[in-house]
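Chain naming follows the written order as A, B, C and D, and within any one chain the residues start at number 1.
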Amino acid sequence: MANLRITLAGLDLDNPIMLASGILDSTPGILQRMAETGAGALITKSISLKPRPGYPGPTTVEIAPGTWINAMGLPNPGLEEFLNEFPLTTLSVPVIPNLVADTPDEFAKLAAGVAAAGAKIAEINLSCPHPKAAYGGSLTAQDPEAAAAVVAATTKHLPVIAKLTPNVADIGTVAVACARAGAAAISAINTLAALDVDPELERPLLGNGFGGLSGVAIRPIGLRKVLEIVQALNHANFDTPVIGMGGISSAEDVVRYLLCGAHSVQIGTSLTGDPEHMSAITRGLAEWMDRKGYRELADFRGRILEWFS
Amino acid sequence: MRYPIPSKIVEITSATAVGHSIWLAPKEPWPSAPTPGQFAMVWLPRPPDGYKPEVCNTVPMSIAGWDNGKVRITIKNLGPTSKALLACQCGDWLGLTGPLGHGFSLDCQHPLLMGGGVGAPPLLYLAQTFAAQGIKPITLLGGTTENEIFHHDEFPGTVELATDDGSAGHHGRVTELLAESSPDRLYSCGPEPMLVNGLQWALRHQVAAELCLERYMACGIGLCGICSLDQDLVCQDGPVFSSERLADSREFGTLLREAGGRVRQLSD
Amino acid sequence: MANLRITLAGLDLDNPIMLASGILDSTPGILQRMAETGAGALITKSISLKPRPGYPGPTTVEIAPGTWINAMGLPNPGLEEFLNEFPLTTLSVPVIPNLVADTPDEFAKLAAGVAAAGAKIAEINLSCPHPKAAYGGSLTAQDPEAAAAVVAATTKHLPVIAKLTPNVADIGTVAVACARAGAAAISAINTLAALDVDPELERPLLGNGFGGLSGVAIRPIGLRKVLEIVQALNHANFDTPVIGMGGISSAEDVVRYLLCGAHSVQIGTSLTGDPEHMSAITRGLAEWMDRKGYRELADFRGRILEWFS
Amino acid sequence: MRYPIPSKIVEITSATAVGHSIWLAPKEPWPSAPTPGQFAMVWLPRPPDGYKPEVCNTVPMSIAGWDNGKVRITIKNLGPTSKALLACQCGDWLGLTGPLGHGFSLDCQHPLLMGGGVGAPPLLYLAQTFAAQGIKPITLLGGTTENEIFHHDEFPGTVELATDDGSAGHHGRVTELLAESSPDRLYSCGPEPMLVNGLQWALRHQVAAELCLERYMACGIGLCGICSLDQDLVCQDGPVFSSERLADSREFGTLLREAGGRVRQLSD
């Protein structure tokens, strides 16, 4: 039987398939349900210092089968209520808080808060507005230095996964900067900057206007970015694990990411309306490995890299 | 595809003091009739004249009727978006994502319907669906005062009212009307305290019940998780839940969440 | 009846819908057929100085319905044979050569060549490898200065459309640099950097390994980039027309781009296997305008911008 | 979805001096039997032992047979990729995108088939399809020498051979065998000069003809345009064309294109 176990910054996970931030994870109840689907770990919705109500609707629109744009507006109850209510240490699988803020200082406060509450690792959402005024509407993870500053500020409190945006020319440089600043892992990709318009109503489709693209159509972009990150980290002699995501909807998609060198993966959009699909994917990965005669993830992880050397 | 289909307001009907009903014609009609209890995310894409852009939003609304592809919803003035929706005119466009969620089951010979507030609209569509099958439902409707009760003159079958001010029907709570009845199944939708009473009555009398719940919904399609009731998603597994399911609930009748997920305790 | 006519760098076009480069345009015969579908103009396959045979297959793979990855390898017969054989001035609609090269000098030679042969305007494919060694695998259009240098070198010979890549953090800056260097128009988007992997074969799906994503799924990315370009040009006081593309498969999609401020559009992937679909889209645009009571494209062009000010 | 489906080589058969035939089992079977004359893009995803990675490529190959989801193709050693395909073993995986293009029409009582080289494989599948309908085709096959002619012992119905060296059948060109026949329709596939002769014969004798053409194909699915014959796409509108259509062609018999689109004149 295939062995799916992995270690992530010292944490043992039953399998390499985690729930992505922002999908079916915004209340303790739904998190409990997702724990029972056999995910390796659960990432929470992005948590900010202050409560955020989120953007007006429409917040999520399916623009092609399985492909969505969304602008939720990072709704969350704020750090304090989150820590009061959410089961950080009591579920059957590890819960990894995802943190979002505007400055390294705020990120550090969040990291300190979740660490004190027992979190063993946190994911930091670097697809947040860039703190330096000069950068206007740009994102922290579009600037390697700014991203590294947030990693450095948070990693004092607990190991962090730096979650990167694909909306850059060269994601490898950002990943290496985060690794150098001490990131325990890199995760990618967050959604792609997007906009859709209704031609009858002649207005943007989302309440917020702009949004992010996710789901099946972004898989080839996620795979490419993950491969670029893995190559860049290898080149710079970091063995930082890379958590791949973007458009995963089947065990075969998980395999695709692992073949590109991902250490583990996250799944979001494809669980829409079907939380238990998570179980099928995890089972499917074990079946695929059994059929192929692989006993460990390491037996095939990164096999695609040989085509690009 | 879960997409807000542009839908034109083609008729405005049945006004009360607190809102009215509209018929919408979606540009791409839904393939088949929705089940009573299902809902739609209703999008106000442009502010009506005199309103600010901030009123634009989506809100979940029960399906109150269906007529060959036209969808009826009934809007109560509850806040900024619903108020602006009530200011829309015939010919205006809204967006309609749906039908969403799981509705009521229809295998029942002697249905009893109990509703209050915006619980009346889905029960109207349920009553009409029963009537079309030759089944006469008994409906109990409650409200503060007569002209705030939606649709009370439209229900097929027997209708009994209850008002807080005694302006019509029983002077008191609608749940007090339950005492006299012995249905196959109780169908209820309305304020959660009313649902809690209804559930207790049903459990006590061993009557099967289906209750249609409200929770804050951000996506309406089972993506974000914010609408959860315990481990269930109200938008996906509900909004209609059975009495068996709700009897075990930790959160039903006690706790709900506002935008962003902040907890609000339900006081009785 | 709706008036679909537009002017592009002094050229009169019957309608704002052009054939995108690389799709159904690699021989004089197929170009003739596309002219008969009623497109406003036809962009040719990218032409290089020397002939290029293209990459090994698979060159094109449909990864979700209507969404493709491709790596053709810019196959083309080279400038000389192109000029000998292709009808630059004799078709019923304008033919716009698309040029690709590694350096501004080579681009200039190509521009001189097509100008001498009678081309009134050319599109320059800036999604080509960056000429400065320091930039490694990056693309010219990822560097505003390098892009501007190519525009400056070519625009001496004839007006040019600068075609931009979406694989950047900030496409507006690149567009403004090209406008400042004298570009007659900006077109976007070229394909998104992508990779797909076959889980059974455990290898990349394309002969070339890496490829570009196109088709329905990239529409929300194209719309966003076009809006960003339009906003950036407005802000910098350029009225350079923007030609939008990416995932257009219907008249409604054309409307979406025009609402975002595009002056005109190009259509590629959605014509796969159905060249005559071009006619249906053009007809559909006129019908949409008639139904909405619009007489000119200017009546609704850019209406989405008001939501972002 | 036009996607190279991983397909396992399950059988290798009918060798000649210049190639052989393989049966492939696609992981996701094609939904129905392909039409004779249709083709697939055949992908060699890994070099066989001893071959360089550069041999990996896709090449269009006619469908030579179909057996309950298994697909037959016949490969001639024409260059690096086809040679490497011939080095593959049972159990190896290829990719198969298809079926592609438009095949032969089958409404014919007295079909005459004429083929040469890799024109024989699609005609074999055509002949078998006719035979399954109870129609006996006459087939003319040509080649340099007997053991370079594919499938000549597999055709149902009458088969006549022609070889350049006289090793079997008529000593001369296969088109010289046409003289004696008067079919309803001529079906032909093979080297373009042979097709040109076939077309002229058919036009002269007012026999309807369908000719299956080869052009360089980069995508095989009507995306790039490189395979064009005049204004038609051979991969999409063909590879089978009627004699009416070809009678008017500027390019048939005179011009084809290599990778990248460079023109090559066909010398007779």
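In this text, a residue touches a chain if its C-beta (ideal position, glycine included) is under 8 Å from a C-beta of that chain, and two chains touch if they have at least 3 such contacts.
Source: prediction; values computed, not measured.
Participant: Touching both subunit B and subunit D, which chains are there?
Facilitator: none
Participant: Report back the single chain whose CA centre is most distant from the CA centre of subunit B.
Facilitator: D
Participant: Can you give the whole-Å distance between the Cα centres of subunit A and subunit C?
Facilitator: Between these chains, centre-to-centre, one finds 33 Å.
Participant: If you average the Cα atoms of subunit A and of subunit B to get two centres, how far apart are those centres in Å?
Facilitator: That pair's centroid distance is 36 Å.
Participant: With chain centres defined as C-alpha means, what is the inter-centre distance between subunit B and subunit C in Å?
Facilitator: Each chain's C-alpha centroid was found; their separation is 50 Å.
Participant: So which bits of subunit C are touching at least two other chains?
Facilitator: 63-65, 203
Participant: Residue numbers in subunit D touching 2 or more other chains?
Facilitator: none
Participant: What topology does the chain contact graph adopt: line, ring, star, complete, or other?
Facilitator: Chain contacts: open path, no cycle.
Participant: For this structure, give each pair of chains that are touching.
Facilitator: A-B, A-C, C-D
Participant: In the complex formed with subunit C, which residues of subunit D make contact?
Facilitator: 1-4, 6, 27, 41, 43, 45-46, 54, 56-59, 93, 95, 97, 218-219, 221-226, 228-233, 236, 251, 257-263
Participant: Spell out the part of subunit A that touches subunit C in their complex, as residue ranges.
Facilitator: Listed in rising order, the residues are 63-67, 69, 138-139, 142, 167-170, 192-197, 199, 202-204, 209-211, 213, 216-221, 223-224, 227, 252-253, 255-256, 259-260, 288, 300, 303-304, 307-308.
Participant: Can you list the subunit C residues touching subunit D in their complex?
Facilitator: 22-27, 29-33, 45, 51-54, 56-65, 68, 70, 72, 75-78, 81, 85, 198, 200-201, 203, 205, 207, 269, 271-275
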